[in-house]
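Have a look at the structure below, then the notes.
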Amino acid sequence: MAEPTIYEISSSGRTGFQFHKPDVPCAEIPAELKRDELPFPEVSEVDVIRHFTRLSQLNYAIDLGIYPLGSCTMKYNPRINEEMARLPGFAMTHPLQPLDTIQGNLALIYQLQEWLKEISGFAGVTLQPAAGAQGEFVGGLIMRAYHRSHNDLKRTKILVPDSAHGTNPATSSMSGFEVVNVPSDSRGNIDLEKLKAICDDCVAGLMLTNPNTLGLFEEHLQEVIDIIHQKGGLVYGDGANFNALLGVIKPGEVGFDIMHFNLHKTFSTPHGGGGPGSGPVAVSKKLVDFLPAPIVGIIEEGNDETPPLYGFITPETSIGRMKAFYGNFGILVRAFTYIAMHGATGLRKIAENAVLNANYLKMLLGNAYNIPYNRKCMHEFVAEGFWNDAPGIHALDVAKRMMDYGVHPPTNYFPLIVKEALMIEPTETESKQEIEHFAEILKTIAQEAHHSPDLLHTAPHHTPIGRLDEVKAAKDLVLCCWIPPEE
Amino acid sequence: MFTPHTDAERNAMLTALGLHSIEELFSDVPEKYRFPELKLPDGMSEMFAREYVEGFADANASTKEFVCFLGAGAYDHYIPAAVDSILRRGEFFTAYTPYQPEISQGTLQTIFEFQSLICNLTSLEVSNASHYDGATAAAEACITAYSYFHEKRKRIILSHSIHPQYREVIKTYLCGIDGIELVIADQDDHALSDPRNVSKFINDDTALVMVQYPDFFGRIYDFSDLIQEAHQHGALVCMIVNPIALGILKTPGQMGADIAVGEGQPLGIPLSFGGPYLGFIAARKELVRKLSGRLVGETVDENGKRGYVLTLTAREQHIRREKATSNICSNEGLLALAATVYMTLLGKTGMQQVSDLCYQNAHYAASKISELRGFQVLTSQPFYHEIVVQCPLPVDHINHHLLEEGILGGYALEKVYPEMKHCMLLAFTEKTNKEVIDVLCEVLKESNHG
Amino acid sequence: MSTPKDLKFSETDEWIKVKGNSALIGITDFAQSQLSDIVYIEYELDVDDDFEKDETVATIESVKAAADIHAPVSGTILEINEALIDNPEHLNEDPYGSWLFKISIDDPSEVDALMDAETYDRFCEDRGN
């Protein structure tokens, strides 16, 4: 049976939480400003705990097994991170407290800014963006502000490779640019000739994901960057796939001008069922003054006896504020803890094992799946979820069948340049045995696709619920529920 | 540490790949830049990392030791134990966006219930699955309105008594959209003038009028007439609301507003130095296709069993790409769960109780402070749980004094409203009471003499 | 489904059926099958609005995709098929019987420049894979 909604288990008059009575004299609320009845559920604490615990059991999660969603970097979320973020010294600080009462927070933010600069090779960092997409938006607005500061108003276009994340084009248009697609070549790189043809002095910049969404390192990285720079454009790096590059290359050194990080991917902060994330943005020297305000800096140098005094700084030509206060601080604490535990050696090991796992898994699949652009991959690769000799089977069927084997399917139907794509990112936290087990499942499904296709068409069979009617959901549009009327 | 391979396993995997060293996997990386040195401290064991990170936390003063009268967009409320107990379930916090509904019903149903609670709280018909925070939700509401009118109406009017940081964020968000004319109403008047004055800026080119309720200074107004006037010009109205206040106060839906956005932090989410918080957006049904962010809808599976899916996804960035209203992808899912647990646990009576406690404490404090010589309460009646107090001395000076007595004082308004000299904004929640308010007054009195 | 011979077709998969000075506009069978289950249609223009060739005149959403509908020729809106708002699935069921707009045509030579049924069929086949 389906879990009822919390509204359906409501019982008039029941309470789950008791507050004290006011101990101050009573002030009347003006009648014309009182709300009508609050139609909230009325349940007990045990009702609440059981309801949400039962709901949790309908979820798949990293804590239950491999979660190989391509470009999402679903790695294990260390428990120490959670404890650190909940320390009262962090969790119970108000964002507007006097500076001298929050020096610990500011020191941590400052240190994390410095570490991210060092890891990425950039000159400045903002930790304000709440997610990768907001980081991209910051990048777009910085490009806009930079060109405007040179009175260069003709730059209206942003180049986006056809293998890019969907957020890239949406970000570009939010930032006031027109999007121009750049095609890939047969090896999964940017098509250099086409890039040269498109790139003119109306280009504000290029948004480049590297490794790209095929999991491939751009083989002409330097040339691509040079082409854009020669025309006066800026190169934006989408850091969603930065896990493969920790300690391997510093994007700032190769010539990227801007890059965002996804702390919830690369630096192990939990995905939380879709957030909160955190999307710090790093920039090269010439762009530091455009960073969103405020950033944390040292406002009074310290000495041997006294630590420095940290405070907020507004960059001179800042694009402005991106959200209230300073960013998703609780997420920053988690990422900070993670980096502190790893150090330089540990970080590089993350990238090495992530890339090793992806290549090992790709090799284990052998010929069971067609892998276009099949060359040495980085942290992920893309396979095709269809076979010419298994008509009617789609990537979706493969994905749904995987659930029957108790694992999470990969990202499917993305990137768009691969037909029936299955985008697989095992991450470094999966063991050799898990990878092998996962490969066996994929191979078994490939056989089933040929011999018992119905098993795939009707999958999943062993999940809490079957395939859902998405057309009905979109047409009938039931987006909220109410307390059922009493009988 | 969190990479399980032993050396032997790593070697076996490399051998299987026909490689001699792990470095060979990175041959596509330009040699010149390959494997740079990272100048970072050596990695620490968990035990030492804990000690190290705790050192930062210990260098702060927190609301655990101090009584907090700071508000201004983030509020010190009590968080029931049940909330974090649910948040800590790995099935919730280590899951991702529910793209595969068959194995994500827990997250999906929770979001559906969150949407329901937000609709009920605001008296509006639809709610999204969450946004980054209150400020960004307000910014997205502007884009929603602009796109609802197919970019034909250009003017967006903000009341001057909207949180200053929200106004800054809106300005940043809209700067790339050349067509929009952003008007901040009454910025030349005194900060405390009536926010309903925005009406004089409404014209037939107006897409959206935005007001805050309670406003930044704590005041509450019935905006029904303003909303009616905006509607006569064909414009939409968005109210930025405090969700706790809506436990007792007249709702945006009751006043006729088209959109309500707000900061969900007061709903069981720790202060956490400003984030992660929870933006919410609710609206009338007609606006649903222009809302930003994810939506969860009810449907059935092939056996007719009720279930939930992400719906109307064709509006979103991964499908509409450059034509999407917003680029948002990750939202604040886990915090929507926190707010859902909080709201259901409190239920109808608990929400009214906490809402009323804030109101009562603030009104008691206002009456006591107005009796103090040299101090004046500038917030006019009616107000909710924040008040502007004009002090006889600079706010920093007074706050310093309060801090010595274990009190985090109010927000210095002069920083953003230069004309509000010596003015502080004080907030009162259920965590304050008669005793601590009396102490506050006592110390305020002393600070004036000392 | 066979492609009606009395229609003309654009490269963005709209059809136009000319009757004297006015015409009907809709989306092709190929377009509806690419979109799959259509759940929503939004008209960007009102009656009496003028539009240029290739201008976006409507948006169609399915469960998995969204598409802009472009005007195959320049003209003025005479009538909007409001019935589709409540029953967008008609576009899937009967693409050549479900018109979106009735329009008047500015320049008949723009119609002549569009593809005929045979050319359009080949155009679709070429994109088939």
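The letters A, B and C name the chains in turn, as written, and every chain counts its residues from 1.
To be clear about the criterion, contacts are C-beta pairs under 8 Å (C-beta built on N, C-alpha and C of every residue); 3 or more make two chains touch, one makes a residue touch a chain.
Being a predicted model, the structure only gives us computed values, none of them experimental.
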item	value
B-C compared against A-C, more contacting pairs	B-C
Chain closest to the middle [Cα centroid of all protein chains]	A
Between subunit B and subunit A, distance of the C-alpha-averaged centres to the nearest whole Å	20
Centroid distance [mean C-alpha coordinates] between subunit C and subunit B, Å	43
Distance between chain centroids, defined by C-alpha means - subunit A, subunit C (Å)	38
Two or more partner chains touched - positions in subunit C	40, 61, 63
For subunit B, residues that touch 2 or more chains besides their own	312, 319-320, 323
Where subunit A touches two or more other chains, by residue	470, 474
For the subunit A and subunit C complex, residues of the former touching the latter	470-471, 474-475
Interfacial residue positions of subunit C with respect to subunit B in the complex	40, 42, 44, 61-66, 68
Residue numbers on subunit C that touch subunit A, as the complex places them	37, 39-40, 61, 63
Residue ranges of subunit B in contact with subunit C within the complex	150, 289, 312-315, 319-320, 323
